[in-house]
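In what follows, a structure is listed as C-alpha cells, so that the remarks can point back to it.
Every chain is named by a letter (A, B, C and D) in the order it is written, and numbering of its residues begins at 1.
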Amino acid sequence: MSSEITEILRTSVMEFVNKNVPSGENGLEKSGITPDLRKKLGEQGFLNLKLPAEAGGTGMDAESYIAVLEEFAKAEPSIAMEMFFLNSVAGRVLSHFEDGIELLKRAGRGEISFMTAIPSEFSRISSHSTETTITSDVPIAAGGSSDFLLMTDQSGRTLLVKDKINVRKIQKPLGFRAITWGGVETKNSQYEDLGKGKLEEIFLKQVNLEITAMALGIAEGAIEKTLEYTKVRKVFNTPLKDFGPVAAAVTNMKGEIDLVKHSLDSERREENSEVLRHASLELALNSARTSVQYHGGYGYFESFGIEKFYRDAMAMKMIFGGLKPRELLYRKIYGSDSGRI
Amino acid sequence: MSSEITEILRTSVMEFVNKNVPSGENGLEKSGITPDLRKKLGEQGFLNLKLPAEAGGTGMDAESYIAVLEEFAKAEPSIAMEMFFLNSVAGRVLSHFEDGIELLKRAGRGEISFMTAIPSEFSRISSHSTETTITSDVPIAAGGSSDFLLMTDQSGRTLLVKDKINVRKIQKPLGFRAITWGGVETKNSQYEDLGKGKLEEIFLKQVNLEITAMALGIAEGAIEKTLEYTKVRKVFNTPLKDFGPVAAAVTNMKGEIDLVKHSLDSERREENSEVLRHASLELALNSARTSVQYHGGYGYFESFGIEKFYRDAMAMKMIFGGLKPRELLYRKIYGSDSGRI
Amino acid sequence: MDFKFSEEHEEFRKKVREFGKKEFTKQRIRDSDINEKYPDELRELTYKNGLVSYDDPWKVLISIEELCSIDPGLGISVTIPYFGAEVIMLFGSDHLKEKYLSRINSGKAIMGLAVTEPSGGSDVAGASTRAEKKDGHYVVNGSKMFISNGNLADFFITLVRTSSKEAKRHHGLSVLVVDTNSKGFSANKLTGKLGVRSTTTSEILFENLEVPEENLVGEEGKGFYYIMTFFNISRIFVAAQGIGVAQGAFDRAMDLVKSRGEEYSSREEVQFALAEMATRIKATRLMTYEAASHLFSYEPIPSLTSMAKQYAGETAVFVTEKALEIAGIDGIDSDLERFFRDAKILEIWEGTSEIEKLIIARNMLKGEKP
Amino acid sequence: MDFKFSEEHEEFRKKVREFGKKEFTKQRIRDSDINEKYPDELRELTYKNGLVSYDDPWKVLISIEELCSIDPGLGISVTIPYFGAEVIMLFGSDHLKEKYLSRINSGKAIMGLAVTEPSGGSDVAGASTRAEKKDGHYVVNGSKMFISNGNLADFFITLVRTSSKEAKRHHGLSVLVVDTNSKGFSANKLTGKLGVRSTTTSEILFENLEVPEENLVGEEGKGFYYIMTFFNISRIFVAAQGIGVAQGAFDRAMDLVKSRGEEYSSREEVQFALAEMATRIKATRLMTYEAASHLFSYEPIPSLTSMAKQYAGETAVFVTEKALEIAGIDGIDSDLERFFRDAKILEIWEGTSEIEKLIIARNMLKGEKP
C-alpha cells in the first residue's frame, strides 16, 4: 500500500477522533469506550484492520495498520490499545478454528469484545482446570467487556473462556483508563484450549512494531501539544520555548521521535523491531514526563489531556518492557551465542 | 550511486586502514598522519571525494562520501577529520577562484594540506589586518601541516593565509591526535580574502551530515569493539555480556546507532540533518564512555585503541556541539517564529 | 560532623510512623484518592496527636517525611493546613499573630498561600491581583490559580499588587491576610488531578473584596521579598515530601523484589535499579538535612535549599518510575501506581525544577557557596 | 546534626590548598602529564609539609580532595605512596608494623597493593597468583596487573592463593608483604594511559619469589576478607578524589562562564549546566563525609561507602564532560581536558561502578540501612 493511502488513513483517524471521541473535562477516560463508540469504530473499519480475511479482515498491510495505531495513540491511546488487543492478540490466537473466526467477525464489527489477561512474569494467576471446569483468579486483565476472556492457565496453556466471567473492575487503573481493567474470576466456565504459550509468545515476540507504533504515538501526542503550548505560554513575559533548556528538551524529544518514526516507516523496520520496541517505550515515557513538566500546573489536570500520556506511557513500559523482552533484544544484538542472557 | 558501490567503498576503506595505518602500541596517534600516509590517501582517491570536478574531484554523491567518513572514523577518527577539513571545509571556500582550485588539486593528491582555525563562539582570536599585512593569534587550528591556513579574522572575514605561518604545536591535544593542533601566528603574510563569515557558515550549517557520519563512526567503532570484547572477557567466570546491565547498555547503544544509521542512510537525511548532528554527537560520547568502562583497566590504555574514541567524541562535541548550532536545531523544530532562540 | 538525629527526634519519628501505619488505613487512602476527598477527620487526629508542631521545625520535617512514605496524598493533606504560617511568624504584626496564628496553633483553622496566578506559575513578580487602598481598607480584585486548600482554608496569605508602577515589578507587591468568609471571595475546586488527589486545589477569585488595613503583613512593597523568603522555607518541606515519596516507593519495591525469590533478586538489572534508587534517596536526605540545618538556625543557603528541593522532586519521580518498572503489570493497581502519580507534582510546585536550577546557578554566580 | 568540619580541619584544608597552589606549578603539571613522569620530589615535599598524616584519616581525605582539585594527576601521585597501609595497620603483626609501617610513616618508602590480576579486575576472589610454603618461606609465582606504584614501591601488600581448594575461592586466599628487591620480582611499566599519567602503573611478576613466613599478614585463608575490608576504606579516598576532580573542574568552568560576561552567564543552558554540576558535587561531598564519619569511628556501612564511591566517580565524569562542553573548542588544550582524562579512572579502580552497585544492593537486600 502506498504511503499516500497511509496518509489518507491517518487523516481519517483524526477525523474520526474529532467527530466521535469526547475530550476535555468529560473526556474518553470518564465515559470509557462505550458499546456505541465500539460500534462506530467497527463501522468505520478500524477494528478489523489486521484480522484474517475469513473473519472479515481488510488484509491491510503492516505499514497501514501500525500507522492507524500510531495515529489513535496520538489522540487517545486507549483506543489504540483496544484495537491492538483485538487485531494483534485475539486475531492471532483465534484464527485457527471456525468458532474463533466467527467471534472475530463479530468483534471486528464492534458487536462483542474480548478481555485479555496479559501474561506477566510474576503474575499472581492461580488457576486450576479439569476437562470441563476452570477456576481462575487472574488479577489483571484488559479489554472492552467481559463477553470473552483470553487467558493463560497455570500450566501455560492459552484459553478462550466463553462464559461465567466475573470481573472485579479497577476503579482508576494507572493507564488506558478508557478500557476496562480488572481482576477476573471464572468458575465452571466453558473454554477452548488454544495451545501452549500462545499469548506469551505474542506479547514477547510478535508485536514489537505495534508496540512501537503505540508508544511512538504517545510520544508524538505529548510532544506535539508541548511544542504548541511552549510557543504560546509565557513566563517572565517570554514564551517558554525561548528558554534554552526548554527548547533543548523538546527538540531533543522531537528529534528522537523523528528517528524512531523514520525507522518504523522504513522497509527495514522488521529487522530493527526489538530495538524499536524498547527505544520507543523509553521515548514515550521521557516525552510524556517532559510534557507534563512544561505544562506546569495545568499539565497536572486530566482535562488538559496531557497527564494521561504520562500514565499511559508508564503503563506501556510496565506491560511491554520487562526483563524477558529485554533479553530478546540482548540476544538479537549479541547473536545466538548467548549464555545466561 | 547505488548502495552496492557504497559497500565496496566501505570495504576499500577497511582494506586501506589494515594495510597502511599503524595500530596498537605505536599507533597512528604517535606517528601522526605523515606526508607519506597523506600521499597514499591521495593516491587511493580518498582526499578528493567531494572536491569540485575542476579540482580533480570525483563528483561522488553525498551518500558515498559520508559512508567513507563514517568508515574511517570507525577505525581512525583522525583520518576522517583530515578528509573533512579538506573536502567539506577547504573544498567549499576555495572553489571560487583559480588559485584556490589549483591548491585543492594539489591537496587532493596529498601533496599539500591546510590548517583550519575552527571558528569559536568564544575564540581568543586577536587579529589585525591592513591591506598587505596580517597579524593574528589564533590559538586553536587543526590540520595536516602549516602550508596554508584558513582562518577568520577579527572582522569575521575568512582568509586564506599563504605564507609565514608559525605553528605552536600542542603536544598532546585532547582529541584527533594524529592531526596537528596548535596555536598559530602569522605576521606580514600574504593572504586571500574569501568573504565574510564563510568558515562559520560552513561549520554551523553545511556539514551536519558529515559530522553525523564521523560521530556515528566513532560510536560504531567503540561499540563494535565492546560487543566483541564483552563476549570473550570473563569476570566471575562469566562473560561480561551475560551481566544484564552490561548487555542492556551495549544493546541500547547499538540500537541507537542503528536508528541514526538508518536515518543517515535514508533519503530523508537532509531534512533531518540538524537532529542527526546533535543526536550523533551525544551518541558518540555515550558509546565511547561506555566502551572505556566495559574494557576496564585495559580500556584506559592507548594501545588498546578504545580510549581514543572517548577523547575524540568529547572533542567532536566541543567543536561541533555548541550553543549556536543547537539554536539552529531549536529553530528548525519550532519553525521560523522564534524569538530569543 | 555528626549525621545523626537526636534521640528525641528519633523517638518522634517512631511515633509518627506508628501513627501513620495505624491511621492511614487502606480504606482512607483509597477513598481519598479515588474520590478526591480531603481527609479532614484524619487532619484533626494528626493535630491532636501532636504530629505537626511549630515548636520544632525538625519535627515538621520528620512528620512530612514519614507520613508521605506511608501515603503521599494523605501525608501531604494532613501537613498542609498550616501552609504559609511562616509568613505571619516572620513578618506579621502581633495582632496578626494572635488573631490568625493562634487558631492555627490550636488546630482549629486551615490556612493557605495564594501566590500563583493563572498567567504564570513561576513568575511570582508578575502577579497582577490588585489591592487598592480606600477608607481604611484594601479592595482586592483578581484571581489565583492552583491554590492548595482553596475550598478549605479560613484565610489566605495573599500576594497582591499595591503599586501601579509596572516598571518596578518586584517592589510593587504586598502581602495581605484575606479571610475567606469576606464578601467577594469565591473558590472553584479543580478536580481531575494526576496525583495528590486528597489535597484540595482551587482557583480562587477576589471581587471587590475588602481587607482591613491591619491585615497587611509587614510593609507595603515588600511582598515579593516575604514570599521569596517563605519559599526558601517551604522548599525544605517539599524536599521532605520527596524523601517520603521516594522512600515509600523504594521500600515497596524492595519488598516486591524479596517476595519474588532469590533467582529474581540476584539479577543484576534488578540490583542496579535498587542501588540507583537508594543512592538518590540517600543524597536527597543529606542535602535536605543540611539545607534544613542552616535554615532552622536562621542561616539559610538558598542555593542549597533549591538543590535539595530540585533533587528531591527528580528523585521521587525517578524512584517511583523504577519501582513500577520492577512491579510490571502487577503494579497497575497498586500502592506504587499512586506513589508514581503523586510524585510528579514535586517537580512542579514551590518552584519548578527549572526555576530551582536557575536559583542555584544565579546564587552561585554571585558567590554563594552551597 | 552538624555538617561543619572542625576549625582544625578547616585550617588544615587551607594549608593544603596553599601548598598545592604554590607547588603544583604549571610546569610540574604539564611535565608529569605529557611525559608520564612520577613527581617524586613533589611527593617528598608533600610529606615533609605534613600533608599526608595517618594520625587523622580526615586529614588524608582533605588532602586528597584539595590536591586533586588543583591537579588530579599530581594530587593522586603524592597521596598514593601509602596505598595499602591500612592492611598492615589493621591486620599486620607488630613485626610487620615496625618493619614496614615505620618506613612509610617517615616518608622514606613507597608501598603498593597488588591484588588485581590480568584475568579479572573486579573478581578479587578469582586471584590465581600462588604462594606455596617451603622451608619457612612462601614461594610466590604469578602476575598482577594495573598495579599503582608498580615500578616505584619498596614493597607490596600482595594477595596470593595459599590453598588449592578451588571450590572455596574466597577462603583460599592470603596476604603477604613482598619486598620488591627480592629475587624473582620484576615490573613492567605500562605507558600510554588516558589520564592520571603522573602515577605509575605496572604489570608485576613473581617468579619463584621467596617471602619469609613472618611476612604473612594476619592469618592464612583470610586474605579475601582483609582486602575487602581495605577496599571499604580506600573507596572513601577514591570518593575524595572524585570530589577534588569535580570541584576543580567546576571552579574552572565557573571562571570561564564569568569571564565570558553577562550575556553568556545569563543563558539558561549555561546556568542549568552549572546547577546540575554543583548539585552532584554537593551530594557527593555529603555521602562521602557521612560514609567517612562512620568508617573513621570504626562503624563502616559498606553500602554507603559504595554509594559515595560510585556517585563520586560518575560525578567526576559528568562534571568534567559538562565543563568541556562549556569550554568548547578552547578547551582542547586546557586544564579541563586533563581533568576530563583523569576523571574516568575513578569509575574503574577500587571497584568499578558496576561492582559498587551490586555491593549496595546486596547489602541492602541483607537488611543494611545506608
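Criterion: a residue touches a chain if its C-beta (ideal position, glycine included) is under 8 Å from a C-beta of that chain, and two chains touch if they have at least 3 such contacts.
None of the values given here were measured: they were computed from a predicted structure.
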| item | value |
| --- | --- |
| Chain whose average C-alpha position is farthest from subunit C's own | B |
| More contacts between chains, B-C or A-C | A-C |
| Mean-CA-position distance for subunit D and subunit C (Å) | 42 |
| Centroid spacing, where centroids are CA-atom means, of subunit A and subunit C in whole angstrom | 36 |
| Inter-centroid spacing, subunit B versus subunit A (mean Cα positions, whole Å) | 43 |
| Chain centre separation (subunit B, subunit C; CA means) in Å | 50 |
| Residues within subunit A bordering two or more other chains | 243-245, 248, 323, 326 |
| For subunit D, residues that touch 2 or more chains besides their own | 267-269, 272, 354, 357 |
| Subunit D residues within the subunit C interface of the complex | 1-5, 254, 257-258, 265, 268, 270-272, 274-276, 278-279, 282-283, 286-287, 289-290, 293, 303-304, 307, 310-311, 354, 356-358, 360-362, 364-365, 370 |
| Interfacial residue positions of subunit B with respect to subunit C in the complex | 243-245, 248 |
| Residue ranges of subunit C in contact with subunit A within the complex | 33-34, 116, 119-123, 126, 145-146, 190, 192-195, 260, 264, 267, 269, 317, 321, 324-325, 327-333, 337, 340-341, 344-345, 347-349, 352-354, 357 |
| Interface residues, subunit A side, partner subunit C - complex | 25, 118, 120-124, 139-140, 170-175, 181, 234-237, 243, 245-246, 285, 289, 292-293, 296-297, 299-303, 307, 310-311, 314-315, 317-319, 321-323, 326 |
| List of subunit D residues in touch with subunit A within their complex | 267-269, 272 |
